[in-house]
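I am attaching a structure below and will ask some questions about it afterwards.
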């Protein structure tokens, strides 16, 4: 879990990771290594205040060099909201996120359709599944040139799309995209705010955090899978889990 | 430094040698008797720096000189019952309340009205920033904000300018700090045209042992200024000093608007909490209105009484600032800490980690004087208490306005009322679409209510609820309310009605009310009519708090809210804080399940004077406001808290503006669940639907709990009547008032939700 | 097409958090020669017809009322050489 | 002090919600002669020393990497005549 100065939803994402049964490891923007984590989440917020362009300055944080290298090497990386913006600014994902078409910050419960349930972060969904997550952003309109959009569509790299009326002016209602390998996902809405129905609109976001456990378990070499797979649903606290995953 | 050096610096020595220099007292807002008093204190004329400090600290805004005598009531009427949960009372940056399990909560509401009129975005943003620093300086982690807003008529051109800016500013700052916005109010009335109100509330949480107070004790302790650099923000007024006394170059054009940097504030919060956690701080104060003048004099007068400051060490954004201007600057995102010498280096280290500038600018002394030096010359040498706490106090004359009787005589009973089902139906639709009752999500959707993941209830609920402890489920609830029309009809009752509504909202959500904060927005205190309104409102509020057994822990007074001779409606905004042992037991307003019984609790009378109906349908304001019965409010609160704890009710919504009709509509629209209701036989349907009698709520009771629930009401002899059932959901759901009318939720929603988007979206 | 440029910059002395953020990021990119950065806005207005004095006066009004906030910003208007 | 100006504008074809809003508001202000508006950013960089070719090249790098996002924006760099 990378915290930049100005990150805000890192605590929530940490909670979600715990609920999914993994352990969250705090990474600071100035870190020069990833401390052996198995996957990285770039949380929401306003990194460095985001006065210039969302994610523009965070991209140059020392830790991002490590994240980019790890992502290119296949490590699962999820960028949520500001994290998505950072991934685009870092050119790990194509396109850009610009000011919402209505020029206001928007915070609302948002219905989405999961378009690709085969990425590292969406395994536990079914393609076509509809979920409600929290959407909150000021610069959330996804834009790219036509060739890029067509390529994303053609190769099935659109991960999620907005349903209902247009919340921010994203082209083709794109809410999230992934890379060819499916390990890097950028998502505008916040799955970490939809993991317990007391403080969010249901639990529709939890599969993002459980999916990555599955994909890591599946791809883990036999040697590192020394602990037996867990029985039954994951426990609420990460440490007692049989899974060795560290986020 | 060039410009300032070429000026003749007005040092203390210079002031002694040149007693007869003309100084711009009047322009700085000091009265001639205040001038005389000041000379008496100092035994000479003040230097221009001293004059800057006194003029701003003795201003209405900082000294409470007109309100002090009335505010004393809040402190005097604290009973043992109130004291039970009170850890820090009125007079500190913010009061602190014990909520149990070792947690303490601090909360306060503050106005930023005038700056928000001049520059809506920055005015509102820095209003949020200021109240957040207040809470932070108590040692607490800020956990949520709320905003109580008042604007002129929705369609007025100036509202089109002010409202979007204010809302974007509240959101822009709070969102960037990662503080969920959990509620507030938005009210429109012609009296606020040209004088909008922006009242911002912040809540903070800490452990009991973490409370910090603003005082500078311990001779030799170091004074550290940290945060943003100091610029020429907010010093429009004092620039006269620098320019008139010295030269006419430059400084007179200094901006009087403050610009906020929420990212800096976020760093300031994290950095401050870290220095608290390491116990490096002996005293702390935020810099708000009156900047360094206020922080240095308040810290010094609350401590050992002496402080020496090297003003030239203050890091500047604008090197041309004169000492007077530095003392007055209201640059945002700054704090001042008193730190033992041994802790200074660690303190600075933590600041550096967070990229926060920190500078030792002074130290605590035992001289009993606040001495400020500028490149070796003394420019200020004063007893700090005379600046901070012993300013002038006025017993402003007040008198019941001559128009009050005729206002109260012209009540709403003569206004034509709808009598047919069709007429009632049309009135419901008209009211739900009216600016004060319509859907506020155009506003609240610009606020992040989810961040931190502890928001259990937020807008459009009766109260915001936050989880404080994830393990135990301990939480807090906050609501802010005020009906200015009621306060105009009768300020004493109006203030109690504001308190009653806020108290009821907290209890309706399932929490036990514990404490009160208030923001008293009024016109000019020099107008005896206004002063009477103020005196009555404070009297009403303090007596109300006594009756309910909850103390006022802090607040803010904003005077001079008027356009020309026309003051705003008296607007004593009341915020109530409550505690809830288990947030999973909170009661939301929305009907969720079909087939539940709807009960109306409380007594309905023909009370329509000052109502939303009179306002919307007839543009009428006259008569007496609804009767307040605080005894009933307390009983109702107790009933609701117990019903929620025992799981007897699934939804509850208090009846306020717009009466029963509005409450039903809101409960139905929340989750698109319809209702079939019948009105009590003994009441005229119009009165039943639109009266604004107090101490009433509607609740939804699952059939399985109905007997227990009614037994509970009966045992407490609380008036309750079954008046309907939840029925139908989704697209075909309707609100049916039997023998009157039926209206589909779709039609209601269309009317209710279109108003703000139509007004503000291009 | 004739084009008028309106440039809006924060007034001197007014805090400019955006410029400050950029200035703070420069050294991280290895660029040390900058001592101050101010960030403002730039508007390109395409006009239907050739720019008259009259129109320019109108643009100035728009710049004052809409494009800038005179309390905290200054603006300049100029016709772009085409 | 020597000053370099960087101007960043949305690429043609890229949605510019702010420019669009300004364009939409113009007629309401009684100004009808504008057919298009684009809104971009303007940076004023104050350099410590006189601007060398080398420094200008560096500023161009900063403009490319930080001040603009080449996916959606174009930039220009110029030295301000002092």
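As written, the chains take the letters A, B, C and D, and residue 1 is the first residue of each chain.
Here, a residue touches a chain if its C-beta (ideal position, glycine included) is under 8 Å from a C-beta of that chain, and two chains touch if they have at least 3 such contacts.
This structure is a prediction, so every number in the text was calculated from the model and none was measured.
Novice: When you check each chain against subunit A and subunit B, which touch both of them?
Specialist: C, D
Novice: Rounded to the nearest whole Å, what is the centre-to-centre distance of subunit B and subunit C, using the mean of the C-alpha atoms as each centre?
Specialist: Inter-chain centre distance comes to 36 Å.
Novice: Counting only Cα atoms for the centres, state how far subunit B is from subunit D in Å.
Specialist: 40
Novice: Would you kindly tell me how far, in whole Å, the mean C-alpha position of subunit D lies from that of subunit C?
Specialist: 9
Novice: Calculate how many whole Å lie between the centre of subunit A and the centre of subunit D, each centre taken as the average of the chain's C-alpha atoms.
Specialist: One centre to the other, that is 31 Å.
Novice: Note the residues in subunit B that touch 2 or more other chains, in rising order.
Specialist: 261, 263-264, 355
Novice: Would you mind listing the residues of subunit D that make contact with two or more other chains?
Specialist: Within subunit D, the residues that touch at least two other chains are 21, 25, 66-67.
Novice: Which positions in subunit A touch two or more other chains at once?
Specialist: 48-49, 51-52, 57, 60, 102
Novice: Could you tell me which shape the graph of touching chains takes: line, ring, star, complete or other?
Specialist: Looks like everything touches everything, fully connected.
Novice: Touching subunit B in the complex: which residues of subunit A?
Specialist: Its residues touching subunit B are 5-6, 8-9, 11-12, 15, 45-46, 48-51, 102, 104-108, 134, 136, 138, 190, 192-193, 198-200.
Novice: Write out the stretch or stretches of subunit D touching subunit A in their complex.
Specialist: By the definition above, subunit D touches subunit A via 13-15, 17-18, 21, 66-67, 69, 71-72.
Novice: In the complex, go through subunit A and note every residue touching subunit C.
Specialist: That would be residues 48-49, 51-52, 57, 60-61 of subunit A.
Novice: Please name which positions on subunit B make contact with subunit D in the complex.
Specialist: These residues of subunit B touch subunit D: 762.
Novice: Could you please specify the touching residues of subunit C with respect to subunit D in the complex?
Specialist: 1, 7-9, 19, 22, 25-26, 29, 31, 33-49, 55, 58-59, 61-62, 65-67
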